[in-house]
Amino acid sequence: DTTLTVHYPMPGFFKDVMDTISKKFMEENPDIKIQFANPSATYEEGIQTIMRQVGTSEMPDLTFIGLNRLRMADERGIPVDMGTLIAKDQNMAEQGFSDNILKLAQVDGKQVGLAFATSNPIMYYNADLVKQAGGNPDTPPKTWDEVIALGAKIKALGNGVDSIDFRWQGDDWMFSALLFGAGGTMLNEDETEVAFNGPAGQKAMEVVDRLVKEAGMPVFTKPAGEQAFVAGKVGIAFQTTGALRNTIKNVGDKFDLRTAEIPLIDAENGKLPTGGNAVVILTKDEAKQDAAWKFAKFAAGPYGASVVVPGTGYVPNNELAAKSPEYLGDFYEKNPLFQAGLKQMPRMIPWYAFPGANGVRVTQTIVDNTSRVVDQSATPQEALDDAASEVKRLLPRK
Amino acid sequence: MAEIVATPSQGQTFGKVSARSSAARHEARTAWLLAAPAILLTFFFIVLPVFAVITLGFTDFELGYSGFQFVGAENYLELFGDRTFRQSLWNTFVYAAIVAPVSIFLALGLAMLIEAEGIGRSFFRTAYFLPVASLLVAMATVWQYLFHPSIGPINAMLALVGIQGPNWLGASSTVLYSLAIIGIWQTVGFNLVLFLAGLTAIPRDLYAAAEVDGARSAWDRFRLVTWPMLGPTTLFVTTISVINAVKVFETVKTLTEGGPNKASEVLLFTIYQEGFVYLRVGYASAMTVVFLAILIVLMIVQYRIQDQQVHYT
Amino acid sequence: MSALSLRNIEKSFGGNAILKGVSLDAEPGEFIALVGPSGCGKSTLLRILAGLETADSGTITVGDQDLTKLQAAARNVAMVFQSYALYPHLTAAQNIAVPLVMRRLTRAQRLPLLGPLMPGQRQAIADIKRDVRDMAVSLKIDHLLDRKPGQMSGGQRQRVALGRAMVRRPAVFLMDEPLSNLDANLRVHARGEIVEMHRRAGVPTVYVTHDQAEALSMADRVAVMIGGSLLQLAAPAVIYDDPQHVEVAKFVGQPRINLISQQVAADGTVGLGEARCGLSRIDVAVGSEVTLGIRPEFVSVSREGRGLPALVERVEFLGSEIIVYSRLEQSGDTMIAKLTPAEGAGLSTGKRIHLAAAPERLFVFAEDGRRLRSTSLIDSDVRELAYG
Amino acid sequence: MSALSLRNIEKSFGGNAILKGVSLDAEPGEFIALVGPSGCGKSTLLRILAGLETADSGTITVGDQDLTKLQAAARNVAMVFQSYALYPHLTAAQNIAVPLVMRRLTRAQRLPLLGPLMPGQRQAIADIKRDVRDMAVSLKIDHLLDRKPGQMSGGQRQRVALGRAMVRRPAVFLMDEPLSNLDANLRVHARGEIVEMHRRAGVPTVYVTHDQAEALSMADRVAVMIGGSLLQLAAPAVIYDDPQHVEVAKFVGQPRINLISQQVAADGTVGLGEARCGLSRIDVAVGSEVTLGIRPEFVSVSREGRGLPALVERVEFLGSEIIVYSRLEQSGDTMIAKLTPAEGAGLSTGKRIHLAAAPERLFVFAEDGRRLRSTSLIDSDVRELAYG
Amino acid sequence: MTSNGFTPARVARLAVLSFGALVFLAPYIFMISTAGKAQSDIFTSSLSLIPQQWFFFENFAKAWSRVSMTTLLFNGVLVCLLILVFQVVVAIPCAYAMAKLKFRAARAMMVLVMLGLLVPIHATALPLYVAFDRVGALNSYVALVAPFTISVFGIFLFLQFFRSMPDDLIHAARLDGMSEIGIIARVIVPNAWPAITAFAIFSVVAHWNDLYWPLIVVSNQAYATPPLGLLYFRAAEAGDDYGALMAATLIITFPLVAAFLLAQKRFVEGITMTGLKG
């Protein structure tokens, strides 16, 4: 018998999903036992916990790492290289792991994990408020200008109703959504210069600024924004599709919840960052590695995806799951709210991961400076410049 | 004693001397034995770690990497220029400067009211003490909701009287004060109980004497008897309150993560971030040393000021 | 009009009647000692007088002013507490100054920082300082003025407490066992000081004590309170020599008065051996139970001859006197006799002695404790005179 | 061999010599009272005896056993403390049982849960219970055995403390002011009980008090300690009537002895008015300073006639006696006289009186306090006899 | 002092106290109300304390099943109990020696105690973490308990209390034949219950609620203490199930509140007697 210790982040999203998957896995593999380590609240805390535990007996055998933190993990030599395991396995594609999908969890071509849950940012809106504000909920805004105009109208409803909640807190993901949507990048090609303060970045940050100035977006903390939205006090929210299931539950039948694709500054070439995480094998124990590999494939495989997608709102990361009637089947037809994320899948590119030891700090710097724009204590330009110079300092000197 | 040890031959000649020192030695040996566990544990869990922190403060030790180098005062120099750390120092100071005095005086006032009141003493005592006994991690969620800018009860009530409530935890201008309110809420009960105990210990005769002496108003009696007699309690309460305020961590960790834009970054949170999140133990140790130094200086200053005024019977 | 007058003061705590209608008048400058066993209500009465406690009924007047409804702070009454109740954080000088500061300075003048800016404050403070010093000089504690109570001995603290009470020239002066915290020698000395101080101040004083020696030696009149009632209020000698109640006789006098229960004989007399007293028929019936009292110093002891036979149980030598405890052979009552060393020489436990008493020294008390009128007789007179 | 013997005990605290070489022997069954003013070292001596404090030098023997090096727990010495020091959480019975439990049960037998399983424990406990009950019966507290100290009166607590000390039949019995927490009446009563108990137990006892009446009335011998030295150890009457040191005379006797400084006259005499004493030339030179002492009860007062003129300063009425404080017109010394109420009748402050004393009642003390041999003379004898 | 009548001053006093109590209890009122609400009923635009549907049972059931509440409570009780027992067992003999025995180190120890009072676990957490890591003791009850086995605050508190205990009592015990350990066990401890209770409340409240240290040394749910458990339970993103969270909070808060209610009289008494008031 083998016992695998599994660690994962964001129990709010994944607790139920993990329980279901591990139960099923243990039924199918009676000789392997799954036990969970304490989950971490965020991807960042997750990776920090693992980094602290490396080399100690506390280190779990498997963990789920945010896609943007795989690079950091790899730089410290934490994950087991899955290349050899894949080579042994031979029929990955048949199990639904296309090359495209495998790529999501590669760092410099090295397979460090298997993507488990993938997401992109979408627009949630309160159809009732949109209607009250004179909009048509069936044709949600397609550009940021339209969003801002609609937001201003919603704000004008008064009665404590807020217009927009743009989820800029926590990490740089939503900023990336604006930046990539404008065709920008974080650093230049060879990662020697900061690039997010270029024209694309300026456009991105200006959107944030205008959301506040023109559409009256308030300064929400993360939970405050969520709560206000599900309470029916916010017109439009932008955040990960992964939060969909929870949002549906929290809204109940208080109002008519809808979703739509997120506007892009560059509607033609704009891209979106891929959120989510990948399962990573940590154990160096050969015997355990086999069991771990089995579990990793199971979780990231079609069965896993068929649990993750309906249970959270993530988009399918496994082609088999997406297409085979055995798994998701007619799920999307029956659940139109889930379609927004699905439709955006072609635009998904990797969530950019900064090089070096200070990755977490870098993203924190971007968040801090975005907050200055949100609370209007800095202009977009100032915020970008400050962020750029700070990030430059934090990047590894080459 | 020292001389006797130095000249054992003399000690032998006078039986009386050895009798005395043997009894005294026996007592001292017993005392050592009884104190030994405490001394050992203090050494291992307080003294040694403090020295370790001081030492680590001069290294570049990082968790996850083995080995480290001594870097002299580099960490301290870096601290000097660290915007986050300066912000964090200032925030901690502001927080403590609000929470400690308010929670002390509020507790004192409430304690006197409860003491003067016959009924419901144990109800009030419990009601005010409850926050002390409850999980901040959990209560933070409630506070987050209470403070919610648009759907929160506090702003809803303010709206009833026509006041546009602030964005309590969301705005960098108010976040620290909001945390201070929670801090006060959590500390008052503790101080209150201490003050209640202090009040019961004041001899009733002193109040009688004050009345006979012509202290007509409650304020006069407070100035003449209550306040001076509570001196030692106040000293203790102040010490505990200041230390606790400087140690604020849980609310920041659970409610704001230091944000927005470091507006609620406080010392312990910064140390935690550096040490356990960014894993820079050496740098975090240097911060810890500064933190300890601040505590010690604060206490010395406070004792100096209060010692002159506090009366111990 | 008396200087201080209490009329029918009643007080109960939670249903227990503690004071059962106490009335008392003091002349100007009179020193009244209030004695009684512990718990009889002395402190309660004093606290009512001071306004620290409110009576359930009754009135208090000082001079021609009715104090009953005034607050303590508004009465011009000073009090010295058993615990002294000095403010531990203030120096002796500050302690003594408190009542003056409270009365002479306005609220504004007392403010910590602003006070000195108020008009007249400087002058008033200078006056207070002078008065405090004068008081301290007269109590011989001017060298202690800068000390705090914690740094003073019991006797010194007591004087500071006296100073604080006297400095404001009160209309009435109250003291609640001010000497009970002092040791025996200091206590005797302090008695003299308080009497002296009282004479100079000339203020009516009520002095509570449970030490009867203190009461007898210091007071103009002694009020004996027992169980919430004033049983007798009279000059010390009267209290001692002419007690109106058995409890008064019992409480006053050291060693305690000898008390013997007896039935009134058919001839209407009671007595001890040959010393007999006649009682009035109006007061008491033949055969009813009465109590005879005789003070130890009036019991005479002889080795042989007349008197009631008794066995010595214990002899206590006290230097200038000897106390003999013996048991009467007939009745089994214990009798205490107080003798000079010469008289008591050679007495020891187990010896047989004879006790006698002068009939004019016998007190007779009725069953309810009241003193009965009696005529002293010697045995031979009885048949002729008594019960006539 | 004496039952208890202290040899040359010395003790200092932080450089202050508290005991300056104290030696003391007690016969089997003797009751010794140790008196002295507060702070003279009485408790310290007792604590050294008990082994609670170690002496700097000196030896302690009980019977023929040298205790000096033994720990308190190993000495068979019992002590009753001023505060009684009863265990507040234990009942009276448990309190009394403690010393027996500690001595008769092994460590294993005392264990909370395992104890009862040990062989012999049951029997030992039954014995202890019986002994405790016997003790309680003899102290008349058997009805209190289940109460805790908090539920008992002062007198009852004191008896429990006595019971705890006596139950183990100690070789020496020590008491440190056991009565000082009781009120006056109870104190007189308790004195008798302790003496009685001591007589029955027959254990040498050292009894510390600062109340001289207690010492005189209870002890076989009284040890007067002043400033860390034993000044006199003798029977009570000897201490009172024949003090060997001025401090002893001063400390014993209530009211205090009258002391008057005088220079030895050219004829080698000193005296008070006509009552004069001759001194031996060997003891003291003409013109040197001595102190005359006369007890208040031996001062006689007359309104006119012979004797030294004096002004009455204060008259204290104490029921059975009257104390008169007066100031000698010539020397300005204060003199205290103790009179019967009859003798004192009519005296009041400011009256002029004449004081006289019997020469044989005069004590003469040298400057260093030693008592001087003296011969009593009356004025007319002086020329002929003195300084011969 | 406390008359039976309702004077205006008294009414004002009661009003102030009651209002204050209401403010202090407000978070609990919301907590209880939320614990009874369905998920979609919690964040609404209307303020209502009364749940629309009665959801207490569901929420408590969920709280109980979604985190292993029994494990959390067990861990909390075990850790607090172990800490308390060690602290008391270590501090009492030490405080006794410092208060009642003569030995040269007493003075130095007093200084150590005063300094120790100033050093919170937060300051020593880093090296302690490194040390526990090195000896492989992370994620264990040892790691949760060991650093708190010494409580300088406890020593300080007991010291104050013992100083006020009469020397005579200890002398009597020595004369009765007790060893020093015997004195502690048979005389000191039975009479120190008020102080022990007061200390117990301080200690249990602090450690039951402590998040900092468990967060650092525990990553395995089997050793999670209540606050840690709640932290995991709390939604990481998107308002998760607040009703269940509040129910869990109530479950975890209850033991402490009950303990305080039971012990409060002794607690106040204990503080009074330990001379914290001076």
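To keep things simple, chains are lettered A, B, C, D and E as they appear, and every chain counts its residues starting from 1.
Note that contacts are C-beta pairs under 8 Å (C-beta built on N, C-alpha and C of every residue); 3 or more make two chains touch, one makes a residue touch a chain.
Here the structure is a predicted model, which means the values were calculated and not measured.
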item: Length of the shortest touching-chain route, subunit C through to subunit E; value: 2
item: Those chains which touch subunit E and also touch subunit A; value: B
item: Length of the shortest touching-chain route, subunit D through to subunit E; value: 1
item: Pair of chains ranked first by number of touching C-beta pairs; value: B-E
item: Farthest-lying chain, centroid of Cα atoms versus that of subunit D; value: A
item: Subunit A and subunit B: spacing of chain centres that average the CA atoms, whole Å; value: 40
item: Centroid spacing, where centroids are CA-atom means, of subunit C and subunit D in whole angstrom; value: 28
item: Distance from the mean Cα position of subunit D to that of subunit A, given in whole angstrom; value: 92
item: Length of the line joining the C-alpha centres of subunit B and subunit C, rounded to whole Å; value: 54
item: Multi-chain contact sites of subunit A, meaning residues that touch two or more partners; value: 52, 160, 223, 227-228, 231, 233
item: Residues of subunit B whose C-beta touches two or more other chains; value: 24, 63, 145, 151, 231, 276, 313
item: For subunit E, residues contacting two or more additional chains; value: 43-45, 231, 234
item: Chains that touch, pairwise; value: A-B, A-E, B-C, B-D, B-E, C-D, D-E
item: Subunit B-facing residues of subunit E, complex; value: 1-2, 10, 13-14, 16-17, 20-21, 24-28, 30-31, 34, 43-45, 47, 89-91, 93-94, 96-98, 101-106, 109, 112, 115-120, 122-131, 146-147, 149-150, 152, 155, 180-181, 184, 205, 208-209, 211-212, 216, 226-227, 230-231, 234, 242, 245-246, 248-249, 252-253, 256-257, 259-261, 264-265, 267-268, 271-272, 275-278
item: Contacting residues of subunit D [partner subunit C, same complex]; value: 37-38, 183-185, 188, 191-192, 195, 210-213, 216-217, 236-237, 240-241, 252-256, 295-297, 314, 316-320, 323, 325, 338, 340-341
item: List of subunit E residues in touch with subunit A within their complex; value: 38-45, 66, 133, 136, 138-139, 218-221, 224, 228, 231-241
item: Subunit A to subunit B touching residues, read off their complex; value: 44-45, 48, 51-52, 54, 76, 160-162, 169, 218-221, 223-224, 227-228, 231, 233-234, 358, 360-361, 367-369, 371-372, 374-375, 377
item: Complex interface listing, subunit D residues touching subunit B; value: 54-59, 68-69, 71
